[in-house]
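In the two assemblies presented below, chain A is common to both, partnered first by chain B and then by chain C.
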Partner chain A sequence: MSDLRIRLSQNAPLLTAVVVFALFYVFYNMNHPRGFSTAVLIQNSNEVFTLAMVAMAQTLPVLLGGLDLSVGAIMTLVNTIASHLLNGGPLQIIFGFIVCLAAGAACGFVNGCVVVYGRIQPIIATLATGAIFMGIALFLRPTPGGDVDGDLSWTATNDLYEIAATYGFAQDGDAAWFQPIAWIPVPLLLLILVAVCIWLPFARSVTGRTVYAVGSGEGAAFMSGLAIDRAKIAAFTLGGLFAGIGGLYLALQTSSGNADIPQAGAYTLNSIAAVVIGGTSLLGGVGSAIGSIFGALILRTISFNFRIFEIDPLMQPLFEGVVLLAAVSLGALRVLRVKNSLELFR
Partner chain B sequence: MDAETRVASAPHVTLDGVTKRYGGVTALDSVDFACRLGSIHAVLGENGAGKSTLIKIMSGVVQPDEGEIRLDGKPMTFAHPAAANAKGIVCIFQELSLMSDLSVADNISISDPPRRFGLIDRKAQRRRAEQLLARIGCEDVNPLSRVRDLPLSRRQMVEIAKALAKEPTVLILDEATSALTAADVDTVFGILRRLRDDGISILTISHRMHEIEAVADRCSVFRNGRHIETFDQGARTEGEIVQMMIGREISAHFPPKPPPPEVATPMLQLSGYSWENRLKSIDLSVGAGEIVGLGGLDGQGQKELLLGLFGVLKDVSGTVTVQGKTVKIKSPQDAKKAGVDLALIPEDRKTEGLMLPMSIADNLTIASLSRLSAGPFVNPAAMTAAVEDGIKRMQIKVGSEFDPVSTLSGGNQQKVVIAKWLMTDPKIVLLNDPTRGIDVGTKQEIYRLLRDLAETGAAIILYSTDYEELIGCCDRVAVMYDGQIVRELAGAEITERNIIASALNMDEAAA
Partner chain C sequence: MTSVPSDPPASRFRLSEDDKPIVVAASFIVIILAIGTAYTLSTQGTATLLSPQYLLQQLQVGAFLGIVAAGMMLVILLGHIDLSVPWTIAAAAMMATTVGGPAAIPVGLAVGLLVGLVNGMGVAYLRIPSMIFTLGVNAVMRGLMVAHTGGFAPQTAATDLMQYLAVGKILGIPVALLVWAAVSIGVMVLLQRTSFGKSIYAIGNKEAAAYLAGVPTKRMIIGAFCLCGMAAGLAGTLLAGYSTKAYQGMGDAYLLPAIAAVVIGGTHILGGRGRYIGTLIGVILIVLLNSVLSIMQMPEAGRQVIYGSVIIGMLLVYGRGRKVTS
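Right after this comes the complex of A and B.
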């Protein structure tokens, strides 16, 4: 087989997710009164970012062959921390950012340590830690509210032009060289930055490779002399960081913090759906966080379409369920091609 | 380096008084052992003799309870495999250590991938994989392929490439050739000899005597956790070695074959049996009381034939007749049904033969639960009786039948698999390489059992990668090549020469 064919067949689930998203999104824009406009793109990016981050967070434990039920709680916890810290002078805000990201990573680190040193399965370990994180979030923010710097909130949820205009560079965003990129929504840029600057290097690092190896066969990974424990802790920590970025952004987007238990649960479950739709195997070892981003995009695009067609929003869970089932079934299509029933169990 | 200096060369790895216990079982009992620099050293012994523990200790998988390991005279402790690897001790384990979802290139460089700016350099990694694959004659494997998509014999070669990538000074092979084709075995032996001449010490465990004769310089025999003797290859006869391994006289390797019956009543008949492009219009008839061997190079459709008969393969064409009746077998469930009465001893006992965490008793009865049940409930008395019977019949060495089956040695595990299927009273028994990785004593018990089964009127199809086994056990041998039966050998025709010639699809004249 040629290299190209091997690459295509190995990345088929991801490519399918990309194509499905493209179809859904073009369809949405064609039917939107202001379709294909910057305003729509900005709004969509805002609505997608947090779920995309939480889905990336979920990808790591899934690649290890587990599930993380605490990603929504970590996101919520960081959201409530951010609602306390993201105000005041520039230094204070920067300090707030650092604390938020560190808190997310620390939550993930705790998960990793419980899984590795407690020898507890991720799903049950994170069920427990998730409840703890949620408890801390409720303690920090018993009722919704908080104070987030207005300029920051405005610029983080708009296009690059607004950043320039608000903070006064590139001639307040009117410089000629700035125009080709001025339209880019900040959340979209952030998403790409996180994917390119954090995920891709991680996936190509030895630790990242070890995460895949553990998911594919932990015994074999151990026998190959890999640092399994370190990779697991790193995976959970990075997952916590991703979830933390999501929570931080949600605070900027809503200008507040909210320790909302149903919302945290919904994010966790949607993150699992996004990971699966994005082509990552729940058995571990196969997939990528890039796929999960597209999984999140597909889920969100479904709700965009519901909005413009004014379908009863109560139907939305049903439709999302159908898409999830279709995605899983698509993955199971190979079963039809398998002529040796034994291969189904490998 | 010639043979003289090699023999005189210094010990490379030494074990001094090494003892290892698992619970109450002493796996290694104050073993003194030395492997010389630049030699190929074969370790022989029955299952449970301590060979596996020996190499696990040397490669850092387990730590000894007493005694010490010395490398070039310096005492060493290896807390984990990576520590042993760091000192140049690399082991190719019997259980594959590949990660099947990762690519061949990823697997080969898994421990220490080439890096650029701290990140894995995929191009360099690929070049390295290509070089190593070329070195072991596997240019046909694309380094980008997922290991999952490769056949077993190629995976084993990838395993060897992976070990070579670590640039070992001591290379340990645990049954590393058992899944390989004959051509690959030759290639691997060529590499081993070259590595030895480069001063690398090689330790190999194998149950194939002719392979040991072909490649080893020195041999050590282990029995019951003790090091019995080390000698130069050739200094002992095969009979003496076997004697040392099992500690008892073996009259004959194989039970005698009965004369062929005048008119064999066919138990199982296949005609035009085909599947995908792997089985091509196979006609085969197996009589009651007959043992038919499947020969040929590995991967010529022998395994598929057995799996197809057992209902594992989909979209099979052709007709299958059991005792005169045409049957459709679409699943192992169908194969077990009365009137078909098939049993398959699968290739891989750990994944297809046993539920490892379940008890010996559960595993023994799992295929025949319906016989042991009254209504929907299993009858405990019948189950206990059946378990006792199975253990006795196969002489399985167990502490308690309620121990997990994973606690048994490989040979005893295989006996559990066989006993499990015998409990279903099969009329047709299919065996897929049943003696792979099994000690000589157990092998002989299995041969005896097959003959006994045949004498009670069962039809047996035995696929084996070991020609000796086919020659010694089978009334007829069907040699397969490229999904077809190219020749059927019977009686005195069953010789190694004939099997090999047919396996390579050569004319008899050319052979």
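Right after this comes the complex of A and C.
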């Protein structure tokens, strides 16, 4: 096989997710009365961003062969912290940002330490740490509320033009050179930045490669002399950071903090679904956070389509469930290709 | 190297790996009771926690969790997990109250059985990881119930028999407790005395080996998921009887505590190891912990933190895995 074909076949699940998303999204825009407009794009990227971040966060433990049941709780905890800190002068806000991101990473670091040094299975360790994070979030924000800087909240959820107009650069966004990029929604740009500036360098680093190696075979990775413990802790910490970014954005989007246990649970479960739809194997070692972004996009685009076709709201959860079940069942096609039954048990 | 490193000689007082969780969890229950009693003695001057009546009442509430955990344990022993429990409980309760009459309880159990069957088929034949397949089934059940009830709490009430099973008493002992005891005995006999039970352990240890040894692994997996579904269905039916009606989200509070109870009881989350008595103790521990915390009027925030810390603390004592080195 040529190099290109090998690359294509290795990335088949990711490409499938991209194509499915593109089909769904074009279909949605074609049927939307204001389809293919900036306003629709802004709205959609706002709705997608937090789930995409939480899905990226979930990807790392899954690549290790584990599962993180605390991503929703970390997101919620950072959300409540942000609702306390993201106001006041510019320096205070910058300080708030740093604290929020650090808190997310710290939560992930705690998860990593419990898994590595406590040697507790990730799924059950994060079940417990998730409860603790949720408790802290409830302590910080017993009832929904909070105060987030209005300008910041407005610009973070709009296009680049609004940033320029609000903070007064590029002639308030009217400069000619600024026009080609003025329409880009901020969340979309942030998503691309996180993927390109954080995920890709990590995945290509030795530590990132080690994460994949651990997921494929921890014993083999150990015998190859890879720094397994460091990779695991790094993976969980980065996952916490991603979840933290998601929580931070949720605070900007809703201008408030809310320690909502069902919401945290829903994000956690949706993140698992997004990861699987994005082509990452729950057995570990295969997949990428980029795929998870598209998994999250697919999940959300399905609900967008419901809005367009005015499906009875009472039937929506059923459709969503059936689509989710069908999407994950696609993985069953593997069974048809297996020639030796023993291969099923891997 | 002439001598093969052997295990240290078993000392008389050394706990076996399977017994350790049970002993530790049981002693933790005593500690919880002691702390709770000290608290009530100092604030109210009574040892409420130790009165048989209070304990029976707590165990009655714990029976629902206990039944769910019994089913969950079978699936976890296989090395799988059932995340569809929340809406299986709700669906069983809603269908049971909708049908009503003498058929109510069989219908509730049948709903659980059906969900378990679908789960088992997906996991055994389609080979989809149970984590994600049961998650999907949970979403479908939720969708079905929202469509069925119109998004509101159904107006139908639980039948008298359901209420009797949930809140009735025989000679001062809550009937729910007896139901839990019956389920427990059933699971214990199943796990220890039948080939089905032995197969569950075998599959959990190494499915390929069990398959090569002639165990009909697919049927066993389906069977375990069916039993788990039926346990959730039974719990849902009883729960509807307890609160006299079914409502949305009534099962949400049972999934994670059930998993936690099973794991605290020493069952390995990856399957193949664990004893039912541990699950029983795990359930009692969680129920008593909850009740002591509510006696202390601990706010939700503190409860969550304590809850998580207890799980981590217990597992650090006996749930540590081995370092993978080859």
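Criterion: the second predicted complex is superposed on the first by the 344 of 346 C-alpha atoms of A that agree within 3 Å, B and C clash if a C-alpha of one lies under 4 Å from a C-alpha of the other, contacts with A are read in each partner's own complex, and residues count from 1 in each chain.
The rule is simple: contacts are C-beta pairs under 8 Å (C-beta built on N, C-alpha and C of every residue); 3 or more make two chains touch, one makes a residue touch a chain.
From a predicted model like this one, the values you see are computed outputs, not experimental measurements.
A.B. asks: Taking the superposition as given, does A:138 touch the first partner, chain B, the second, chain C, both, or neither?
C.D. replies: second
A.B. asks: Should A:15 be classified as contacting the first partner (chain B), the second (chain C), both, or neither?
C.D. replies: Neither chain B nor chain C is touched by A:15.
A.B. asks: Looking at A:339 after the superposition, I want to know if it touches chain B, chain C, both of them or none. Which is it: first, second, both, neither?
C.D. replies: first
A.B. asks: Quick check for you: in the superposed arrangement, does A:266 touch first (chain B), second (chain C), both or neither?
C.D. replies: Neither partner.
A.B. asks: Output check: A:315 vs chain B and chain C. Expected answer is one of first, second, both, neither. What do you get?
C.D. replies: After superposing on A, A:315 lies in contact with chain C but is clear of chain B.
A.B. asks: Would you sort A:190 into first (chain B), second (chain C), both or neither based on which partner it touches?
C.D. replies: It touches nothing on chain B or chain C.
A.B. asks: Would you check which partner chain A:113 touches, where first means chain B only, second means chain C only, and both and neither mean what they say?
C.D. replies: neither
A.B. asks: More residues of chain A are touched by which chain, chain B or chain C?
C.D. replies: When the residues of chain A touched by each partner are counted, C comes out ahead.
A.B. asks: Of the two partner chains, chain B (first) and chain C (second), which one does A:222 touch, if any: first, second, both, or neither?
C.D. replies: Once the two structures are laid over each other on A, A:222 reaches both partners.
A.B. asks: Chain A residues touched by both chain B and chain C?
C.D. replies: Comparing the two interfaces on chain A, one with chain B and one with chain C, the shared residues are 219, 222-223, 341-342, 345.
A.B. asks: For the complex, give me every residue of chain B touching chain A.
C.D. replies: Chain B residues touching chain A: 61, 80-82, 84-85, 93, 95-102, 106, 110-111, 113, 115, 118-120, 122, 142, 144-146, 148, 162, 275-276, 304, 307, 311-315, 331, 351-352.
A.B. asks: Across the complex, what residues on chain A touch chain C?
C.D. replies: Residues 67, 114, 118-121, 123-125, 127-139, 142, 218-219, 222-223, 262, 265, 269, 272-273, 276, 282-283, 313-322, 324-325, 328-329, 331-332, 334-335, 341-342, 344-345 of chain A touch chain C in their complex.
A.B. asks: Which stretch or stretches of chain C touch chain A in the complex?
C.D. replies: 83, 122, 125-129, 131-133, 135-144, 146-147, 150-151, 207-208, 211-212, 249, 252, 256, 259-260, 263, 269-270, 299-309, 311-312, 315-316, 319-326
A.B. asks: Which residues of chain A touch chain B in their complex?
C.D. replies: Against chain B, chain A makes touches at 1, 3, 6-7, 10, 201, 204-206, 209, 212-213, 215-217, 219-227, 281, 284-286, 338-342, 345-346.
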